[in-house]
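Below are two complexes that have chain A in common, paired first with chain B and then with chain C.
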Partner chain A sequence: MNDNNIPHIKSAETRYLEEREALFRGLQRLDRRGFFRVSGGATAAAIAAGVGFPFHSFLPINVAYADASGGSQGFTFAYISDSHLYARKTNERFVRQLLRAVDDVNSLDPQPDFVLYGGDLAQLGRKEELDLGAQILKALKAPVRMMVGEHDWYFDMGRHWNALFGPETYSFDHKGVHFVVLMSVQEKDFWTARGLSPAERMHTVAGLDNALQSAFEVGTPQREWLKKDLERVPASTPLIVFSHSPLYKLYRPWNFWTDDAEDVQAILQRFDRVTVLHGHTHQVLTNRIGNIQFHGMLSTAWPWPYAPQGLPALTVQMNRPNPFNPADGLGDGSATVHPDGLVDKLYNLWNRNPTQVKANYLSSGGKSDIPAAPKLASY
Partner chain B sequence: MKRNAGAALRRTALLGCLAIAGGALIAAASPTAGQHGAMAMDAQQQRLDQLVTNAASAPPGVDPVAWSKIYQPPGNEPTADRIALGRKLYFDTRLSKDGTVSCGTCHDASRGFTDHRNVSEGIGDHLGRRSAPTTMNAALFQSMFWDGRASTLEEQAKLPILNPVEMGHPDAASALAAISGDPAYRDLFQKAYGRAPSYDDLGRAIASFERTLIFLEAPFDRFAAGDAKAMSPAAQRGFALFNGKARCVSCHMINASNPLGTDNLFHNIGVSARKQNFEALAQQALAALQGGSGVDAVDKMALQTDMSELGRFIVTKNRGDIGAFKTEQLRNIGITAPYMHDGSLRTLWDVMDHYNKGGETNPYLDGGIEPLNLSEDEINDVVAFLFSFTDTRFARENETALHEQQAHAARQRPFRDNALAHRRVLPFETRVIGSTGLK
Partner chain C sequence: MKPPAFLPLVLLALAGSAYADEAASKPRSSPVPGSKEVRLCDNKTAVKVSNETPRTAAEGQKIADALMAQWKAKNPNKDWVAGEVAAHQVVPPEDNSKVVGSGQSSTYGAVTQQDVQVWDNESYKFAVYGSEVFHSGEELGSEIAVSCDMCHPRAANTHPETYPKFQPQLGRVALLRDMINWCIEHPVRGKVLAPDDPKMRALEAYILAQRKGVALDYGKR
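Coming up: the complex of A and B.
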């Protein structure tokens, strides 16, 4: 799958984005005093041109980010993740919440370049669950990039998901960034020897704290594919990797874990700038290992508590959700990819102020741009 | 065409004159009619004499220790003098610039200590943006106003006097000057606070008086105390629904230590989403509040601008508070219609219809608001239960209000949406998927 831009026909949105980016690139060339002199006028001009503010951030678009050699043009993509849909008549709360996330993302102005769906669209991998999710996601205005989660997979080993959304492992290039989507929730066969039915296999994997299943892994064949895919990509190209499970080892009993994480990290090591976005953990989660910056994604179904051990030091925790508000601690969000290829990650927590975790916070090892700690009282 | 229109205009004008004349006649004929639709202030005071004893001690329904330790702010402990001063101030129309409006105008002792209007009318017939909440039991709230912009009654009482569309005094000095000619006040202030009149003491005195307006003796309380016959079978079924299927208790928790039936929090249930674009409004409010976000600025914004519909947000600037308003008390709800911050729901049947369909869909909707799938019989039961929260001192008014609301609800139920209530269509579904719906 490759970038599907058609060079000679530009939509109004594309032209508008290009103009906006040209404006911002111009701003970056200014010296500090020059910037302060024009920034007010430029912001006003941007507003007059309809740039406005991102719907769910209230933060003015960051115009003064230092350029680097990477050559990305800077853009935003949104995400929705972990909706865990049952059939509508079994549990329509999760259906409503996914609809709400789609409504959120559709209200973004300007629209994101694409929407990442972070996996676990279904709860028990059933056809009707995946079909329902696919129908809802079709309503997104922006193009969708799909990632698979274990809840989508272990009923029919991905057959229906693949039929709906295509291959689970793929890469694409977008505005100077190389994107890789992995299937990081491979498990070793625990079902054949035990004679488990597909439903029993699925239920076992769906259990969070379950000794029967194996740890998640990317696995050898996919790691080989990854090496090959990255062969042609220069180290200066910004790399963004999507994986359902975090590509590091956080807490094994809950499978907040990827067993061959070190091997995958080793493959990513030669790149200057790597960002991993993962689902599965349903919470604000921030980590950095060497050159790799990691961000979790919010769920639209339920928030998980933080694991009792292994929490990365860089994570500024979100509050414990209010149990009386079933939408608290849930949400969607977006990632602003800077021209240097690094990512500012926005957690659009419903019914709370959005939390932005900036690339600079991670690059500086937690010394600058520290995200605001939530001030809400605990319940 | 033109001539006809002119004739119609003249007719309307004529009818208007007749109506005004009629109103004046009624006002002249009835010694109890006051201005802005309120009962005359001396008549209200007579009414009040029959209702409360003005005692400084703990009222029935409130634990005496909690009453003295929690509900009395240090420095303003209740005394008979403070209450007497506050009472005189509460009914004094001189506290408004044109002498037509007192606290009792919109918090009228003859109208459930509210005004039965969608939004209140102040001096010069200016309309505000919010419905007057009752002053009954207001002392038991943890914050005041629909958006909680004042944390105490003392603070609350000082704001309407200075708001341009309410009582309209330009500043505290002007309000004090309006009553300083009255020697009785000099004496009362001295007795109450041992010093010359000040605006802060004025607020304190009104608050002390309002703390006597406690009305917690309802059929519900007798039922909770063990009298199984205190509530009708319908109301008892409604109580079960209140605690279960109808989900009311999630926010309207009610018990001995929290007798109001409020969580004292702020929730977006979508009332203002019916008519507002929150996003544009929020940007406008943030810009406006950059010039100053003190309580006076917020007060004016809440009463004079469209940004009023942002609710708690203009106080906290917290995105999660957009369109969120304080959970109102359930006490005396039968006699304090209309409902919600803008008085947009006329009957308790409308209130139930609103909740039954899962509120009004908007991005800031509280997560606890979801379609309830209540049947008509179940709605009737919950409404019957809600009417059992009216203090027995208002039993007659309650009965009248019940019949009036019943008759009105039989004619129109503008907020009923059975497709949403019974989950045939889900919230957000029509916005996201369109009218075809989900398969």
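Coming up: the complex of A and C.
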């Protein structure tokens, strides 16, 4: 008689074989996990050997990249962006969603080298909103690099944000890559002439489709700072720039736009490899202008629709978010920086499969490594 | 964009006619000493006008201006249409001026420029009110300070042309207002609106206005 027909009575031999199989399955899993844990320390060596490990997956894939001419060792960083926190008593949903992103990033194994916060931590720039955000971000295990967004700024013109997180414009070097963090959401004074209070000014800027505000820009002083900062950096050094607004012109009515984008791009032009990561657009967004590759970031608060005009040809849209599916279209993500300094960008959509937009897709002008097309595009 | 110019016009006309009626009842040649009260159509706003006042168009204008100034002071939100439109662009309704002069569609015969202006003003004003509700968590009754424009700037991705369509999540065929109510109840976290609630009607008006010119395509996913 076959043991399988009598599930509760199994021979000693069957039980032994099942246990042995289970043990080996477990060992295999343990092995792989253990291997990844160990490889945290040895990531550099592994990547130098031509093997990259994408996050959110335990399956290694082989990526053979050319040797780093700029001397980068290859690494990853994670991002969380656009959480738009109100005070906890006003709206606990946005708080829970940011906590979810923090959990996501903390569960990455190995941990990223650092976490970029992409701006718009607060919704209305209030002290209690920024304090709440700062407190939540303290739970991140990896170091955090902060970027400011317009929602953090226009209540007190950045005073409390600066007090919490330091200067809004800065640069740093990490494993052979030069990083620049810009404050790209400077607006021309539209409030004094109208006699707006700080709260009214903030409320105006907080409305994406509010036409009373002016266009975002990096501005002359910051561009001068950028030129100076980059003077000492050789053109062969990979450059990664963080800006809250996209550093190109997509759609002015929603400020998916930086007014002096061309001037900033001109400063970045002499570098061999430049990647810009931006927040603000709350969606999968991909572009390339010359040597510069652009990636958007997901929001943890709400998704934006794609702009009716100006979408870059290289953007493969994410599925339009389903309103019946809470938190759809939201998420966080990470970036794998290859030894050559180019970036594979991962969008970790919470309710969908993660989407990876590879550097090779952009370098090849959209010819290879094409991301999966959406099943439900914009109306 | 159209300024809400019709309101002062109507008030002026009324103020002017009230003054004229008073004047007509008295002989022009010998004004009685003293003064009379001229009221606005709200029957509250009033100015005293001396009987000695010369009956000229310029003086009539002064009285009308004085009344309007009082009314404006009492109604600080008078320019809400202009204010809303300056912040949030609302697509204007169809320009009907080409039917001016054509007959039989108006109560009094041919369609006049004024008919067309009233149609446009009223339709537009209603859509603009919808924009105000759409952009205000407070007006929507949100308990978590969320408004429609957070996910739908300028009503993008609201696709009103695709309704009615069957929504398995609602268990029935949804009209635009059913989806608006779903969003009010869930993402916005407010109380559902009655189908004939002025706010619901205005929200529908705004959403449809923003999608002007798109072909109807009911049932589309």
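Heads up, the rule we're going with is that the second predicted complex is superposed on the first by the 311 of 379 C-alpha atoms of A that agree within 3 Å, B and C clash if a C-alpha of one lies under 4 Å from a C-alpha of the other, contacts with A are read in each partner's own complex, and residues count from 1 in each chain.
The working rule: contacts are C-beta pairs under 8 Å (C-beta built on N, C-alpha and C of every residue); 3 or more make two chains touch, one makes a residue touch a chain.
None of the values given here were measured: they were computed from a predicted structure.
Q: Consider chain A as the common anchor and indicate whether chain B and chain C clash or fit when overlaid.
A: fit
Q: Of the partners chain B and chain C, which touch A:R93 in the superposed model: first, second, both, neither?
A: Both partners, chain B and chain C.
Q: In the overlay, answer first, second, both or neither for which of chain B and chain C A:D131 touches.
A: first
Q: State whether A:G166 touches chain B only (first), chain C only (second), both chains, or neither.
A: Neither partner.
Q: Please indicate which partner A:D328 is in contact with in the superposed arrangement: first for chain B, second for chain C, both, or neither.
A: first
Q: Please work out whether A:L212 is in contact with chain B alone, chain C alone, both, or neither, and reply first, second, both or neither.
A: second
Q: Counting only touches as set out at the top, which of chain B and chain C does A:P253 meet: first, second, both, neither?
A: second
Q: Contacts for A:P143 in the overlay, against chain B (first) and chain C (second): which applies, first, second, both or neither?
A: neither
Q: Closest Cα approach between chain B and chain C after superposing, in Å?
A: Minimum over all C-alpha pairs of chain B and chain C: 5 Å.
Q: Please write out, lowest number first, the residues of chain A touched by both chain B and chain C across the two complexes.
A: Of chain A, residues 92-93, 324, 326 contact chain B in one complex and chain C in the other.
Q: In the complex formed with chain C, which residues of chain A make contact?
A: Counting only chain A, the residues touching chain C are 86, 90-93, 123, 204, 207-212, 253-254, 301-305, 307-308, 320-321, 323-324, 326, 376, 378-379.
Q: If you look only at chain C, which of its residues touch chain A in the complex?
A: 86-89, 135, 144-146, 149-154, 156-157, 159, 162, 167, 169, 179, 182-183, 186-187, 189, 220-221
Q: Quick one: in the complex, what on chain B touches chain A?
A: My answer: residues 250-251, 268, 279, 282-283, 286, 318-320, 363-368, 370, 423, 426-429, 431-434, 438-439.
Q: Can you list the residues on chain A that touch chain B in the complex?
A: 53, 55, 58, 88, 92-93, 95-96, 99-100, 102-104, 106-107, 131-132, 135-136, 139, 324-328, 330, 349-354
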